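One chain, chain A, links the two complexes that follow: it is found with chain B in the first and with chain C in the second.
And now, the complex of A and B:
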């Protein structure tokens, strides 16, 4: 089951590579949030307890409801154009992602011989981290950078489930809250940037230089 | 429980209080009291008069004792001068920033205390990220375009950096596969005890990720940009807070993983990484000082340089490590005085451009002389503390297996000193009279008082060299396995 979810997660990354709509990024984030929630609920089905539901519930609320809604609201409020303004062609971007993913999956497979890791979730998580970074590097719109950062965070979460047996719940929730507040602050900053610097693109941030 | 209340709960309660209190003066009084209490208590713990006992994820050791004292001290002085700073006229948009100033400061103290005292990598990560969240809105205090850009870059770069550090932490758990630590919690102490059993490949990866990730927050080149922009565009007390305490909160994360790496075969690798990071930072500051045109940016780069020296000292080990610990303490005091005085200059000249600042000694005699002394202090002129700590680091490098590093470092530091000196003396003496600035008598303010006390402290600590501090630093180096 973990493998199926991880592969779905990887597919969502490919979708990110080919889509050119801002809204699609939000949907992907929502979809990934649902996958991650199912992933951590799954082990608890056999031995159910209310206490064990706190973390998945927080994850669901933050990653599937609050953050996507918040980003959507920013998009509407700021009247951000629907397309994402890539700096490289979609096809080149897709090739880049396919190449990196192949590399990651092969390396993880080799590593799994010496270390006890779940290859597919491990490699999927790592791929999401790399794709998140690519999105930040190759897209101009700041709101897409936020989405890239969130893809990276989702990747780390998946990666974490593949390597760590269990982090204390308090800390997991702390991590989620931190991510939420980061996005919240970035949203406020984006609002200000669009009104003061009149732009939502990274090119409008060029005042500070050495 | 007493220690937990004073160090954690009181700052948090004060933060909440500040949200509800309308009067800035009341917010100031409460925050200052909380800060003072924190400082007194930390001092008691440092001296050994109080034996603390913290719950689950937190604990005390020599390293956290020293770092907590530095944080507490920096915080107290920053809060002390903040009120007079907030009284200064700002544009109408920036009035908004005053409302949440003390709230965020208190939250900053809470998050930093938690990061320094955490005994668990997960807890450390959550707290370190929280420190970023508390400081980011403070960077945007002036509500102008530059501050906005600086805040965005800082928030974004540091968040991505910290995410990388988290990957490093996950790698650390991978390195524990097949050891007694497997499926145990990520407590530092457990890892240090079982360090030699960890898988070296994953441990190396973990060290790289944690170091590079946290570099964005420490300001180690080449990840220093977000940090420099933020330090140079935030109000002076906040810049002092960042240079004096926030950077070392990030540094403690690197030190923790370095402590784990110490008895393993990865140690040599980690040392080289730290030395490269340190040298690169000094190099970046060295290059920048040739084309400096903004004095706050110059001070921010001076922070990059000194953190570079500290990281270099840690990488060399032995006596240089002890020197680096002293340097952390002195540098934090020194950055306070530099940014406080630079803030005064900014208030009167209303610019950060060096070419528009001249005759500071004539127009602001108090600030001018104190700025000059602070510059002497940061340039390691005796009897200021930095002289002694740098001497120790240099001696450590000279007698290490890489003595040639000393020549490179000294060469770069010499030019940094010359270029910084040239700039600062131009600002202090420069002949160009600025007619827009009235030549009124500068009154003695709380900022001057704080600066004088801190400068005296810098000399006294260095000259007297209190046994307690020395013993604590020796204990830290013993924990790291360095014998002198």
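And now, the complex of A and C:
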């Protein structure tokens, strides 16, 4: 089951590489949030406890409801155009992702020989981290950078579930809170930037001075 | 027993040859219904073919023997490819180890001759269409090899019939695998048969066409052969897609046939819906659309290589 969810996770990463709409990024984030929630809930089906449901519930509320809503509101308030303005062609971007994914899968297979990790979730999480970084590097819009950061964070989460079978829950909730605060701060920053500069692109930040 | 298998194989091939135009007609009819039109009757492709048979064949003055032989080669090669695919659990007429490669390259040969014939005519429009077809098929070929190749790799078999029948459903991952594979085969079918997001079969504006522009100067029996082979080609890809769903039936001949009919109808519905809700891509976006399907194939291969 973990493998199945990881495959779907990887598919969403591919979709992220070819889509050219800001809205699609938000839906992918939502989809990934749902996948991660199911991933955490799944082991608890056999031995159910209310306490175990706190983390999935928090995850669901933050990743599937709060953050996407907040990003959508920023998109509407700041009147951000719907295309993502890539700096390289989508085709090259997708090729880059395919090659790095192949590399990551091969490497994690080698790693899994010596350590006790689940290859597929581990590699999927790792790929998400790399794709998140690529999204931040190769896109101009600031709001997409926020999305890239969140993909990276999702990757770390999946990575964590692959490495340790049971995560200390308080730490995970703390991380979630951090992410929420970061997205919140980025939103405020975007609002500020929009009142000073007309564009929401990295290129226009060159003009900023003290 | 041997005789019955052979007869079943022959019947399968005859079904493909007979039903191929119906499938195209069904897709067009559904598409018309979804867009609020009445549409041409489902049997319209047959009427078209009959009309073409009566017409006279005229070839361009600058064309050579390639233009004469290419339509016939195209049809024959596509029919041979159709004989490799199974319907239900009947063993197809041609089935041997390694026929997966033969299947891919038979379709490649058909495309090659079509491109040659298009350039042979000497019109710049046909040349443009040929160039596009060649360019996009470069991206379409890896989809086939990564998708079917990954199942071949997992099962360790190289015959299409054997590969499909080795898929077992006792593992949950295989169900996802089937769904994922069928997505990439669907994209392959759309691009190879020049359906909507890649090419619009109904436009007759030369600058936007890919497949249709190559057969602009053909008429009469030549056009009949091209049209018929394109109907069969669409049906072949539909069957390739259908084959992923056979493992859901218990291995009996009747259930296989029922699955075949249900999935083919569902697929025509899916094609019609996709053609209704999407518009044609810009030319520069097509490679990335095809690469997306290849990426799915690569992912399949990676996952099933490294699953312990």
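Throughout what follows, the second predicted complex is superposed on the first by the 206 of 210 C-alpha atoms of A that agree within 3 Å, B and C clash if a C-alpha of one lies under 4 Å from a C-alpha of the other, contacts with A are read in each partner's own complex, and residues count from 1 in each chain.
Keep this in mind: a contact is a pair of C-beta atoms (placed from the backbone, for glycine too) under 8 Å apart; a residue touches a chain by one contact, two chains touch by 3 or more.
Being a predicted model, the structure only gives us computed values, none of them experimental.
Overlaying the two complexes via chain A leaves chain B and chain C side by side, clear of any clash.
Once chain A of one complex is fitted onto chain A of the other, the partner contacts of A:159 are limited to chain B, with no touch recorded for chain C.
Contacts of A:120 after superposition on the shared chain: chain C is touched, whereas chain B is not.
Once the two complexes are overlaid on the shared chain, A:101 sits against chain C while remaining clear of chain B.
In the superposition on chain A, A:10 contacts chain C only, with no contact to chain B. In the overlay built on the shared chain, the residue A:171 is in contact with chain B alone; chain C does not reach it. Touched residues of chain A, counted separately for chain B and chain C, are more numerous for B.
Judged by the touch definition given at the top, the superposed model places A:189 against chain B, while chain C stays out of reach. In the superposition on chain A, no contact is made by A:65 with either chain B or chain C.
Once you line the two complexes up on chain A, you'll see the smallest CA to CA distance from chain B to chain C is 19 Å. Residues of chain C that touch chain A in their complex: 172-173, 176, 180, 285, 287-289, 291-292, 294-296, 298-299, 302-303, 305-308. Chain A meets chain C in the complex at residues 1, 3-4, 7-8, 10-11, 14-15, 17-18, 89-91, 94-95, 97-98, 101-102, 105, 108-109, 112, 119-120, 123. By the touch rule above, chain A contacts chain B in their complex via residues 114-117, 129, 133, 136, 142, 145, 149, 152-153, 156, 159-160, 163-168, 171, 174-175, 178, 181-182, 185-186, 189, 192-193, 196-197, 205, 207-208, 210.
Of all the residues in chain B, the ones that touch chain A in their complex are 57, 120, 122-123, 125-126, 129-130, 132-133, 136-137, 140, 144-146, 148-153, 155-156, 159-160, 163, 166-167, 170-171, 173-174, 177-178, 182-183, 185-186, 199, 201-202, 229, 232-233, 288, 291, 297.
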